[in-house]
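Below, subunit A partners subunit B and then partners subunit C, in two separate complexes.
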Partner chain A sequence: MARTAHAYIAGAYELPERYYPDKTLAQLQAEAALGALADAGLTIDDVDGFFCGPDAPGTGPLSIADYLNLKLRHFDTTNTSGSSYTVHVAHAAEAIAAGKCDVALITLAGRPRAEGRAKGALARTDNPQQPDFQWEQPYGLAVLNVYAMVARRHMHEYGTTAEQLAWVKVAASHHAQHNPNARLRDLVTVEEVVGSPLVCDPLHRLDCCVVTDGGGALIVTRPEIAKSLKRPLVRLIGSAETTQGQNGGYMDITTSGAARTGPAALAEAGVGIGDIKYASLYDSFTITVLMQLEDLGFCAKGQGGAFVSDGGLISGTGRIAINTDGGGLCNNHPSNRGGMTKVIEAVRQLRGEAHPAVQVPDCDLALVNAIGGQLAVRHAPATLILERAA
Partner chain B sequence: MGISKIVMALDDQPMWASINRHALELQKCTECGAFRYPPAPVCPNDLNDKADWVPVTGRGEIISWVVFHKKYFDDHAPLYNSTAVRLDEGPIIVTQLRGEEPGGSWIGQRVELVYAEHAGRSQHFAHWLKSEAA
Partner chain C sequence: MKIGQRIPGDPEPTPETQAFWDAAGEGRFLVRRCTACGKAHWYPRGTCPFCHATETAWEEGSGRGTIYAFSVMRKAEPPFVMAYVTLAEGPTMMTNIVDCESDDLAIGRPVELVFQPSKSGIPVPCFRPL
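And now, the complex of A and B:
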């Protein structure tokens, strides 16, 4: 189904630091919001829609809306973990099309490092009443276990190697060296990735994303408002979201729900995967990127290893430029929720405002995909197709 | 840190009782006959809310496995494995392989559930069926 009204991303802002010991969560939310509004050329008084996740302190939108003195006509606190903010962009566009708001603010902020919660992939502390949790809970499984399970199975089915997965991290480091705010800015080699300590075999420490404080915000607005502003125009032309779980114990752990959201979003946008110039793909772990490349259709299922190898994801020389800010693997993964920064870097690319060393020439079409939750057992992929508009 | 916890909602109680008896039972839908895991109030195929608790053979095939090199729980000291097994009855469960380990890839190897006390509770573990080696 084609869209009848397109919303625009008019403002995008990423908090510069990766460690915030001296600022409150509410202050970070406010700084992110004001940064995105300033980027758009709007003020807090223009905001009439607010979208946030559970990282916002307080009940739903209530405390931050009060703290920012928002006068709201619409709010949405959809929580699909790391993909929440990607979902929020799509939901904001839907709300705008329905006339429910004109200027939607989407925020994310967190300070797990400052709060001492950045101990790598933590042991699970979810509600033991969560019914689908039985699958992994009693056997000492932590967050990354299912990703390692997926990686091992992928290796078995398709011959994917640890060295191929390492190329995803290598590409991220190539991009992050140009990002002065990136958490990890040193170039790494395939040998360094596979030589880093195994955390959960087959995944190494350098197969894992960083944990950072920080956050960001986005402004989504109606076409006529976006066109009245002085920023390059970035238009949402396709989106899709889904959930995928265990299906009573009969799941295929090497196919993610992005296999459904990717084609759906592309179809809505009326473009093909081959038209995409830049992609932001959620990189919680190296395997997460490989799975999305296949499931979204950048390459055939099982060909992800070859696709990412030999610098396949490095901007300028690779097959497709992804995560040119350094991604979650090297740059930023605020509050363990990477969907926000994925959208922000896509906006930079479409505006031509990425770092010159990683800017994709004539970048007029970008794809964003986030995987919230966990591969294999419960996740919510969300895909956006964004275009640079005249 | 702390010890790993079991999930014990109302739907789970019969399963843990069966594990305490060292004979795993899972729900089998009275309509479509499918076994399901984890325990759930309805069948994912037809949403039928009637199921029988039926013993499973405990035999199955490893579909993936991981080995933790980092400590996350007091009751699981590294190196420890988590192993996903597709039971012959259909569902994929997670358990832990104990005893002799296959050389090379574990995927495709046949296993059988055994039971042992762990952290003050009974749990199932998998033993490699070497005689049925893939």
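And now, the complex of A and C:
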């Protein structure tokens, strides 16, 4: 298959801080970009493709491309909220395969803490021209209260418990304790999670991800260039994206679109879910992880609660290692968008550069899944299959 | 937790939906059905989301349904219940459950329509337990 066939992620960089009161968005975009280029061993003059989301201030790519003085042949500002940057990796690979660019830069940066925007609990402020606006906005739709509906429905259909959901946070805290940059580094217990305030019943405060400033960047490039660099090779071998909404009012909110993108990406890669050694799964809330584990096929639908229990997600001792940087639940959710950090930690794992306490031995195959938008309302999942190449 | 009335946000009617909000102003709840394939859908639109015929029409809804999913937004002031209600006509709609005790709510519980005036006075369809 001619496909994405074989673009590589040559550079990955996560801004170290979680609070940036004194830097502009443009500065953070630039620092992320330069960090990823330095990681790859490339310079900004090598960049001819630019991928960014609406976190980059200005119209599409224009202002940040100008700020960085990029000389571009290709750009893409696909916006699917938090999954945008995961989508960008696949789109960059497609552009490279099509000969449209050689070195693609993908950036994310944001300052929701410094700007006082804790987005999850706030009512959305969407465009009234959106056809769904008048049927949702009046009801106080917020990210938090619709994910809580997914949790409630999952509990109803499958007997999932608050304690089982709490195990997702417990695993994240086990990983975050080793990450000196993580927003939350303290170990938490199941009792502490279910004992934290019920912010939106049935979700507790500790079922929710952190709000952080920061960001990151990725460099995607063609095989010849990747192989000329002095970095371990991380190759994209499968990808898939989709959208899922309310199906005209006949929906099942306990199955996400990842049930389609996961199998499609795995098929393209020619591997099975059982081959995956490490997974980065979008963790806006604990329930988000549970849904993806089931929909991607790590366990059967309805079995997510049992799968995550008793440390099921803790690296080294669990059933599968996920989000070994501490994830969005404990480490970082920059700009309220988690798709970038998900790819970055998968690259660290495949390079063998994760923290030794959480590094998966011989990690040669990883899956990344991001959920942009809102489960239960409308969302865009994107799945990547990445391998360590010789 | 006692959940009272709620003042919804303003829905901002459009030419595609003005008839719905006009009817709501008269205390009537409309549902949109495709006259080509016969299926009711939500939210109401001029193009059927299933067969994509443009012959969709308003009809009087029963105002009855059951709770498909709900959450209790305790963090808000005042707290409110976000919900999906499956209408007797078939489709499931986003709404708020009002005038209830949140601990008494359950998926599958029957509910009935009750209009709640928005900030600028437009009646917005909400539900309360039967």
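Simple rule for what comes next: the second predicted complex is superposed on the first by the 379 of 390 C-alpha atoms of A that agree within 3 Å, B and C clash if a C-alpha of one lies under 4 Å from a C-alpha of the other, contacts with A are read in each partner's own complex, and residues count from 1 in each chain.
Everything that follows uses one rule, which is that a residue touches a chain if its C-beta (ideal position, glycine included) is under 8 Å from a C-beta of that chain, and two chains touch if they have at least 3 such contacts.
Values in this document were obtained by computation on a predicted structure and should not be read as measured data.
Overlap between subunit B and subunit C is detected when the two structures are superposed via subunit A. By the touch criterion defined above, A:140 lies against subunit B and subunit C together after alignment on the C-alpha atoms of chain A. In the superposition on chain A, contact of A:69 is made with neither subunit B nor subunit C. Applying the stated contact rule after C-alpha superposition, one finds that A:251 touches each of subunit B and subunit C. In the superposition on chain A, contact is made by A:130 with subunit B only, not with subunit C. With both structures placed on the common chain, the touch criterion links A:59 to neither subunit B nor subunit C.
By the document's definition of touching, both partners, subunit B and subunit C, reach A:198.
Residues 121, 123, 128-129, 131-142, 145, 148-150, 152-153, 156, 197-203, 246-251, 253 of subunit A touch subunit B in one complex and subunit C in the other.
Residue ranges on subunit B touching subunit A, taken from their complex, read 1-2, 4-9, 11-12, 15, 34-41, 43-45, 63-70, 72-73, 75-76, 80, 82, 84, 90-96, 105, 107-108, 123.
The touching residues of subunit A, when paired with subunit B in their complex, are 120-123, 128-142, 145, 148-150, 152-153, 156, 197-203, 246-251, 253. Subunit A makes touch with subunit C in their complex at residues 121, 123, 128-129, 131-142, 144-146, 148-153, 156, 197-203, 246-251, 253, 376-377.
Subunit C contributes residues 6, 8-14, 16-17, 39-43, 45, 48-50, 68-76, 80, 82-84, 87, 90-96, 102, 107, 118, 124, 126 to its touches with subunit A in the complex.
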